[in-house]
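Worksheet: the structure to be examined is printed underneath.
Order as written gives the chain letters A, B, C and D; numbering starts at 1 within each chain.
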Amino acid sequence: MNSNLPKLSFASDYMEGAHPLILQRLLETNMLKTAGYGLDEFSHAARQKIRRACQTPDADIFFLTGGTQTNAIIIGALLKPYQGVIAAASGHISIHEAGAIEAGGHKVLALPHRNGKLSAEAIEAYIRSYWQDENREHMVMPGLVYISQPTEYGTLYSLEELEQISAVCRSSQIPLYLDGARLAYALACPENDATLPDLARLCTAFYIGGTKCGALFGEAAVIPKQNCIPHLFTIIKQQGALLAKGRIAGLQFDTLFSEGLYFRIGHNAIDAARRIRQALLERGYKLAFPSPTNQIFIEFEDSKLKTISSQIELSYWEKSDETHTIMRLATSWATSAEDVEALLSII
Amino acid sequence: MNSNLPKLSFASDYMEGAHPLILQRLLETNMLKTAGYGLDEFSHAARQKIRRACQTPDADIFFLTGGTQTNAIIIGALLKPYQGVIAAASGHISIHEAGAIEAGGHKVLALPHRNGKLSAEAIEAYIRSYWQDENREHMVMPGLVYISQPTEYGTLYSLEELEQISAVCRSSQIPLYLDGARLAYALACPENDATLPDLARLCTAFYIGGTKCGALFGEAAVIPKQNCIPHLFTIIKQQGALLAKGRIAGLQFDTLFSEGLYFRIGHNAIDAARRIRQALLERGYKLAFPSPTNQIFIEFEDSKLKTISSQIELSYWEKSDETHTIMRLATSWATSAEDVEALLSII
Amino acid sequence: MNSNLPKLSFASDYMEGAHPLILQRLLETNMLKTAGYGLDEFSHAARQKIRRACQTPDADIFFLTGGTQTNAIIIGALLKPYQGVIAAASGHISIHEAGAIEAGGHKVLALPHRNGKLSAEAIEAYIRSYWQDENREHMVMPGLVYISQPTEYGTLYSLEELEQISAVCRSSQIPLYLDGARLAYALACPENDATLPDLARLCTAFYIGGTKCGALFGEAAVIPKQNCIPHLFTIIKQQGALLAKGRIAGLQFDTLFSEGLYFRIGHNAIDAARRIRQALLERGYKLAFPSPTNQIFIEFEDSKLKTISSQIELSYWEKSDETHTIMRLATSWATSAEDVEALLSII
Amino acid sequence: MNSNLPKLSFASDYMEGAHPLILQRLLETNMLKTAGYGLDEFSHAARQKIRRACQTPDADIFFLTGGTQTNAIIIGALLKPYQGVIAAASGHISIHEAGAIEAGGHKVLALPHRNGKLSAEAIEAYIRSYWQDENREHMVMPGLVYISQPTEYGTLYSLEELEQISAVCRSSQIPLYLDGARLAYALACPENDATLPDLARLCTAFYIGGTKCGALFGEAAVIPKQNCIPHLFTIIKQQGALLAKGRIAGLQFDTLFSEGLYFRIGHNAIDAARRIRQALLERGYKLAFPSPTNQIFIEFEDSKLKTISSQIELSYWEKSDETHTIMRLATSWATSAEDVEALLSII
């Protein structure tokens, strides 16, 4: 199986199945009969645990199957037809979702970024300039701000930065939405100071990523204020995103939010990433971006890269100059100490 | 768990998890690293097995997560913006998909049905009447025919009927699409004479249902003629339907199409349904529709129904008169002989 | 010019240009410079006159170019993504707008009609049945009621009927929208008892038709409650419906609502239609529907029809039996007494 | 009337009604009865004249009401759902159409521009980079190139530049679409060397602007290869853009393309613009962009601008620094020698 791939791979954080505890729960509960569409006990329990973790007892929570789907549905549900969504030009919705936001009728208003991050100032300036433009009624109104934690570049917003962005959104009466595809790897990061309750307090909606953080699939969309998006169940159905056996997603999040599994998963990835990063710096490698999470961006000499690539699978990021290339390494809940040592013995 | 439900339930065919063999495969392969997005070995193997089962060596096959999603994506990809889809007024897309087809920009052209079925004559007459209408350029052009096998009423199209419908479609140059959410229960039915190769020969596209037929989730969209829908991968991504860990769906269909599991699963449900149907007829119950598959539609006296409902969970279908109600019972791959006996001891 | 057409035509009510007074105003004001996009003095004046005629001093009023456009924009702006619009199965949006409502993402929920009309009872029953359906979250929510005055069949809703429908809408918290493509011919009809202020009081939005009622083009969308549809200007721009030289539409409505022209126009058509209808009945013709407005539906023997059609252009409606056909005659603001006499000398 | 505006205005090129010859034709033909929806003799004649002017005897030609509408419909009809349109970041569809392209489901792929123009190199590089990207199936495929002649900045593509862009499009099998909102002012410009037959030869589709070039309203969409966009009539109807009295648009283009009126109109605007530009340069003003057409972009000292603005209406473009502002002056078919002299006596 998979004979094409080198044995050792740090190409991405979704190459294995699920955390073993999830499979164990699926096995144990397999023959129970439950209601469909997320109305089962496992989904109820998962929602309760997430509400507790977020300190939002009334939050609406829906389990969806992937990041693009979650982004398209929540962003589409929060925007009016004449509004667009502000995002970093490097954001996932800007580039790598095949135009899902536009397919839903909305423009992505792409702003310049710094290491994948938007600044509150840039957001505020864009919104102000829209409202000052005499032709604004012929333009797309900014109606939502989209950020990711961590970003596409593995960087983190500090709590202070999130507070500032949230303040801009509130004063502009524009919702804030946070894409947490790799949220476990932000939450487990020592550099991180924004907790789940912080996100729940500062965002109109966000999602807790499962697919890249230990689940077979699944993202938990959290809308802290109850009924802030009316009839979201039907919207999800209409968008083809309602799982008949919702329990399969519910059970996974029930497991991830039992006994701190989601946070432990994150620590494993972060610890592995830190060990790799440190060793690489000691060996004279250059980090392309200062990412503290589970993604490491390293510049390689092309000749050296060729040798390495035959032994380890990495992810291409971009050319930095004629003879150098930036590659991405990703760790995950499944990265073992042996994998890390094997990597470091080669690189 | 599930304390609200009566212990015994025949309410639907997607109340359990997955067939145990599927879970076993998930466990065995869990820690293997594979490529994402359906490019893994399991998905490749599943596609090969389905191609063999359909006798379509070049078919394009995509694994999606649910029926509404599959219908919306394939129908949307086959229609031009100015076209609509012909369907039975009772069809799933006509009623129970929350307007997913319309959300994609297309009208569902609902025709009268007989026990959930469309006739080739009715389809042909509708298409002809469109092309004869002087105002047709102000109307929605019929651009696709949608049928289900089995239908919402559990009925089956005979091979002859499918040949006729397919012939009308071909002569009108209109694609034919078949919704196989419960296809296992058609294929296993003694009354059925339309095989997978028949469907592949007669349809432009169809899907083989997994969610209701033994999988945790998943539907296999089959497009017999290669590249008949160009760039469907990107369309699926854009619609938020591309699984990052595509292997989870691939592995399930690889298992379902190994050693005839998909067909065996069907037989269990059909056998159970036949036993229940026969016993009910012997006891004087009236079948509301002549469905030979895994759904049984029974008329109950309301007073009697009340007693029964406290012991068995059934599905409400519709009122037949002031004092009678039609209820649906569904069997599945998971229905045990004990469940059937328990049901028959109560009813 | 137009040598293909018989000299005499009663085929439709939009075959001429505009009422001469409109052309005269266009000439007089042609070289004035004005602001664009409906911000000019003529549009302001037209809005004021329509507000006065409707007794709605705060109404929002927008001038659009055609009926399909107006229907699609206002209906789309009033519906939520998960909602559909209730309409008569014979309604213009149901059949003759090429799927414009669905192209905007919404299902047309077609109800049976009587001579083109919906009853309050049928609407109420449909809405109630939706809210009682256990599966309603998987279905399209009725979110708007669409009616036409006069209807496609030339029939009229009485004030009492409109009051009843409006009451159903209000008690269901569902907006009511009225398509007034031929509203002049309703307002001028002796059988009509629903005035513009009545419509403004009973409807959430409606439009006053210009294209079929004396204008070169143009429909005035009236939203009696100010800001009931926020940012409609931008929605109109986004939908490609904003006229750069909005004054051209504004000036036409300014003229139509000066000195009662819109109402006078209607009377001419109604008087001509009544004279024709009376003469035909005297000669033994059969009215297909009891339409009191400017459309007359007559059943012809096919052999006789052939002769007549070579001399007068009529509109095909439908076959009533093997040897008879229902044809439509339409009068308009431009129908002259000579035309009527010519018609009656032939028919 | 219009008492708010200074008497003298150079704010835009669509402030008057229509060229007097158009109004005269409307008057002369007003009471003729014609078929609707563009099937009338005037529209036929207009199409023939445009085909002759473009040297494309088989071109499909449709008359629409405005630029945003035309762009959205033609671009939407040429793109597949998974494709986006390449445009200058300054392009009308990128900024000033309220998200109309995105509302139709497509991303605008905005490229850097030079004075409003795209280069063939930049287009080619973008398309090549898409096809070389390993993740391209997760991205929006470039499916159309949009350019304007003249551009938003009043600049012109030379024939050579158009040939180059067209060659890139052809070799990439991507259609080329040209927005000719102000095409008369390009065609009449001495610096211009791209004729209507050139545009017809190099573009998949383009439109000849009427609204800003002498018509009351209207744009002529030209598709040189017959049936290149099948069922465009129905698409136009579905998008609410089909004029019932299509003759009103047809007659205007019939007039504009009789006896070279469209070209004469252009010359008046160009001559006036050249006289103004020359005088301003002589007086020491600075042109912000080297635009040779009917739009003049001048940098003003803010103190001086204040005085001027009380006497002449100009259009705000952007601030160039703390104390200077760039303003736009537009001439048109209606600009008189007196207006020009009045302007030059003030400025």
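In the analysis below, a contact is a pair of C-beta atoms (placed from the backbone, for glycine too) under 8 Å apart; a residue touches a chain by one contact, two chains touch by 3 or more.
None of these values were measured; they are calculated from a predicted model.
Novice: Starting from the Cα centroid of chain D, hunt down the chain whose centroid lies farthest away.
Specialist: Farthest from chain D by mean C-alpha position: B.
Novice: I'd like to verify one number: the distance from the centre of chain C to the centre of chain D, where each centre is the average of its C-alpha atoms, in whole angstrom.
Specialist: Centres of chain C and chain D (C-alpha means) sit 33 Å apart.
Novice: Rounded to a whole Å, what is the gap between the Cα centroids of chain B and chain D?
Specialist: The separation of the two C-alpha centroids amounts to 50 Å.
Novice: Cα centroid separation between chain A and chain D, in whole Å?
Specialist: Here chain A and chain D have centroids separated by 42 Å.
Novice: Give the residues of chain C that touch two or more other chains, as numbers and ranges in rising order.
Specialist: 81-82, 97-99, 103, 105, 137-138, 234-235, 237-238
Novice: Line, ring, star, complete or other: which describes how these chains touch one another?
Specialist: Drawn as a graph, the chains make a fully connected set, so complete.
Novice: Touching residues of chain B toward chain D in the complex: what are they?
Specialist: Touching chain D from chain B are residues 76-77, 80-82, 105, 137-138, 141, 230-231, 233-235, 237-238.
Novice: For a test of understanding, state which residues of chain A touch chain B in their complex under the given definition.
Specialist: 1-2, 5, 9, 12, 14-18, 20, 23, 26-27, 29-36, 40-41, 65-73, 97-100, 103, 211-212, 216-217, 234-235, 237-245, 247-248, 334
Novice: Quick check on the complex: what are the chain C residues that touch chain B?
Specialist: 81-82, 84, 95-99, 102-108, 134-135, 137-140, 316
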